[in-house]
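Listed below are the structures to be examined.
One chain, chain A, appears in both complexes that follow, with chain B as partner in the first and chain C in the second.
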Partner chain A sequence: MSSPLVQLSSVSKHFGSQRVLDGLDWQVAPGQVIGLLGRNGAGKSTLLECMLGLRELDGGRVALFGEASGALSEQARARIGYVPQKPDLFDWLTPDQMLDYFKAMYPRWNTAKVEGLLSRWGFDALMRGKQIRKMSGGEQQRLAIVRALAHDPDLLVLDEPVSALDPVGRREFLRELVDDVIERGTTVVFSTHILSDLERVAFDLAFLRDGKIALQGQTDALIEGARRVLVPATMLPDRKLEGEVRRVREGAMVSLIVQEQGGAVARLAAEPGVRIEKLSLEDLFIEVTR
Partner chain B sequence: MSAAALHDVHRIWNVSTLQRDPRTIKFLNGFALLLTAAIPIVGGVSLVREHTLPLALLLRILVGIAGFWMTVVWVWLFVPAAVLMNSASNARLMPRQRRRLLQMAFGGWLLVTLALTTAFGKWPVFPLVGMYVLGFALMRAGNLQAVALTVVPGFYPLLSKQVLPATLVQTLSGDAGLLATSGLLMAGAAWSMSRLYPAAGDRHLAMRGEQLKRMSRSGHAGLAAPRDSHGFMTAPGLRLYAAILRRDCRVPRPARMAMHALGPMAHWSAWTSTIAMLVLLHLAGFAFVLVRGEAATRDFITGFSWGGLSGLGFMISFGTAQVRQQVERTRGEQALLLLTPLAGDKPLLNRRLAARMLHGALLQWAALTLTVVALGTLFGGADLMLRQFAVCCLGGQVALASLFGDFARTPKLGVSKGVLLGVLTLAEVALAAGLGWLSGSLALWTWPWLVAISVAAAALQVRHGWKVMLAAPVAFPAGRLG
Partner chain C sequence: MPAHTAHLFSIATGSSEPIYRQLVEQVRRLAAAGQLQPGDEMPSVREIAQALALNPMTVSKAYGLLEMDGVLARRRGLGMVVAERTAPAPALERAALLRPALERAALEARQLELDPDTVLTLFATILKEKP
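What follows is the complex of A and B.
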């Protein structure tokens, strides 16, 4: 594996007495596409903001392109694209004014790409002269995505980028993401609650729970391997099984969530009274983040 | 009023006022007590010097203090909080709430007006006081057009002498006229309250978003800072800003581009239309004096202009305080700016930002001072010019004191710092007056001393603030995104 493009080591962040990130370790390799999952308030946005150096850390360190995220060079900053959760930024400007502003801030700006995206996403002349604050949430989000893609970033960080888009808008965005961004080898980290999008795009999934990455793996492998094993409590050893994510006692039975079926699970499956259920991504999300 | 109704009123008062902003209530209580403590002193002085105790006057002062307390609490806290409580769904679904809010709003207005009228000791001022309080409350609830209600009472002396027919003024001042105007005003107040707290429906839903936005602009505690960051900028002002932005984008300079992330309200162009409007207003006043050249009119307009221009002078500090507000409001924009290559690293960004903010504040100070001094000279000659210049210097000093800081931790200008600034300003005025008295003439020397003290204090503040800002963590995003 090549050296990680994003490296978080023992990252901690708290707000008052609430510990949001708790000694979190995480790595993102170049070209990797990771969907970040977690429940509301789990700290996904905080994690992304700490990763980009927008928040100070209470502990640990973050490196992007090998540089400390709090002191990124101009070259490193030019390689980052970011879509924040709130898309209504620079809302006193029109789309043209806002894009001109950012064009002036970056040494590289793909005007052809911007024009293409604007035209494909329905930004006609009238719309481009309208104040951003007067646009719908979906239009603002599309514009934020155009802005983030315009300088052809090597690392694209998207904080719930499609939450305000309708299914058509989401599909168009995902097509753009796959066709252009991912094909170019761009590293993408994005958080979302819309699990069907992750199945379509994210090659890797990372689940954030209790301030740590509780589970990470390739989407296909996770969906393929994730199982709920219902086993009589007496048959289960005390030690953690290979691939075990969590176990919950339900009366005489134990519900065991595993991310892959190792030898021990396969042996259990052969025992009488043991039931194995396949998990969907949604089931896995619920089980891992519970 | 039944026990159930009293219970409702108590509950609403708690939620809307006492629990919403206990710090302000505590501050007001303390202030009112302080003022009340002065009553025995006034009585004592009168007893020693005049050998009489002016009980009626002391009672009026007491009622006046209570009226002041009620005005602030009712207008500043209750009226806007009641608007927030009366959402379209609450208005339709919460049993009795809208009715109680209406009763409390109208009752509060009547009580405040009666208390202030009693303090004035003249019943004929009841309609004027009522109109003023009503206008103030409606403005606080986001209806800026109600400013007319606050202006009319201030101009009434002029209107009654110069504009309105003498017979009409006489009729209005009589018992029947007073009764009629008071009745009309009460009906108008009741109607205004019913419009302020609508009973759900399409009109309520349609107006609510805009109303909340307007209220948030005036910094109402219950609302988040507004997202439309051009506040009261007029269309020509915005066009000017857009032209400047276009120019800056063509030749991007990091400091200027960083300031654009704070929005147009933090830009000097935000004040051009306001200055132009005030200049026009003053010129119109001057023209009026030329046409109707009676001494009384001239004195009134000159006095009014002194007040207006002083306000304009203090706009320097208000305008600069807007920069701090914008720093708080545009954290998302600052985050995006920080990730751009042109933003520069931490020491550079803070230095550029501090330099640009200082540049903007000085530019605004220079423009406003020039305008105020020129208009002051036009109205009152060299004497008024000097007074206006001193006020501008004081305004500029307050502005500069609030400009710099550690934005990463405290983006907002806190109440404590605001109070400290107020106390410092008063201390400077007192010092200037003291030095003026020591120099031989209070009237003659206070103003030059005020100029000297303000400029010296401003220089010290800038030096200190500059150091703080450069030593602070990177300014953006302010408060680290909240």
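What follows is the complex of A and C.
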């Protein structure tokens, strides 16, 4: 495997007494399209901001393209595209003025792509001359995406990029990701609560819980390997089973969530009184992040 | 030969069946039902990825499995086509492929001290279940 494009080592971040990231280790390989999942307040935005060097760390290290993220070179910076959760678009400008401003900062600005996106996404001459602050949330979000894609970044970081978009807008955005960004081999880190979008485009998933990456794997394998096993408490050994994610006692029964069922689970499954259910990504999300 | 479009497929998110599996099963069913005929051209990975808004790697994975199973074949210049149906191998030969898995199951059955009748009944039930 090639060396990671993003590497976080023992990253810690707290706000006052609240520990948000707690010795977090994480790697993203070049070309990966990875979805970041976690509950509200789990620290997904903080993680992405720390990753990009936008927040100071309380501990640990982050490297992007092999450089320390707090002191990125101009060249490395120019290879990153970022859509923050709240657009920071210089909203007193018009879209044309804003894009012109950023164009001057990036050597690799792709004007043809910008024009194509703007026309496909309904930015006519009238809208392109309108003050950004007067545009709707969805329009501002689209504009933030256009800006992040404009310089053909090698690393694209998307923090809830579609929260203000309707289903049609979201599908258009996913097509853009698939057709242009993923085709070019861009590395994408994508946080969202819309699991169906992740299922479509994220080949890998990472779950953030208690300030750490609690579970990571290929989306397909995670869905295929996940089972809920309902088993009488008396039949279950105290030690953790192979692939066990969570265990909850429900009266006389225990509900086990397992990933990639090993031999122990197969043996349990053969016993009378044991029920095994497959899980969807949504079930898995709820179980892993609980 | 007819060329098919990505409209051939429909996928559901939120299922316990991953998307690549859904694609594989749909091609299998269509081929078994004769809606896909040997020699038919399949839509390209890129076309499917674009039409269904899927990661191209997911589509490639499905095509790769179908090729390995002999349902699709890669034809130079044409991309993927539906494979000629080969006569299935004799049942005994195919059953031999199952032997390692059954040997493991037999081992576990003995460890669990199950009698053969119980195990065979269980296997008969499993064979009748839908995957």
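Brief remarks on what is shown
Note that the second predicted complex is superposed on the first by the 289 of 290 C-alpha atoms of A that agree within 3 Å, B and C clash if a C-alpha of one lies under 4 Å from a C-alpha of the other, contacts with A are read in each partner's own complex, and residues count from 1 in each chain.
Here, contacts are C-beta pairs under 8 Å (C-beta built on N, C-alpha and C of every residue); 3 or more make two chains touch, one makes a residue touch a chain.
Computed from a predicted structure; not experimentally measured.
When the two complexes are overlaid on their common chain A, residue A:G263 makes contact with chain C while staying clear of chain B. In the superposition on chain A, A:L21 makes contact with neither chain B nor chain C.
Of the two partner chains placed around the shared chain by superposition, chain B is the only one that A:A104 touches, whereas chain C remains out of contact. Touch criterion met: A:V33 reaches chain C, while chain B stays clear of it. Using the contact criterion defined above for the overlaid structures, shared-chain residue A:L236 touches neither chain B nor chain C, since it reaches no partner. Of all the residues in chain A, the ones that touch chain B in their complex are 49, 52-56, 71, 73-75, 77-78, 80, 82, 84, 86, 88-93, 97, 100-107, 133. If you check the complex, the residues on chain A that touch chain C are 33, 171, 174-175, 178-179, 182-183, 195-196, 199-203, 219-220, 223-224, 226, 263, 266-267, 270, 278-283. Per the touch definition, chain C reaches chain A in the complex via residues 13-21, 46, 49-50, 52-58, 61, 108-109, 111-112, 114, 122. Interface residues of chain B, counted against chain A in their complex, comprise 227-230, 238, 242, 245-246, 248-250, 252, 257, 260-261, 263-264, 332-333, 335-346, 408, 473, 477, 480-481.
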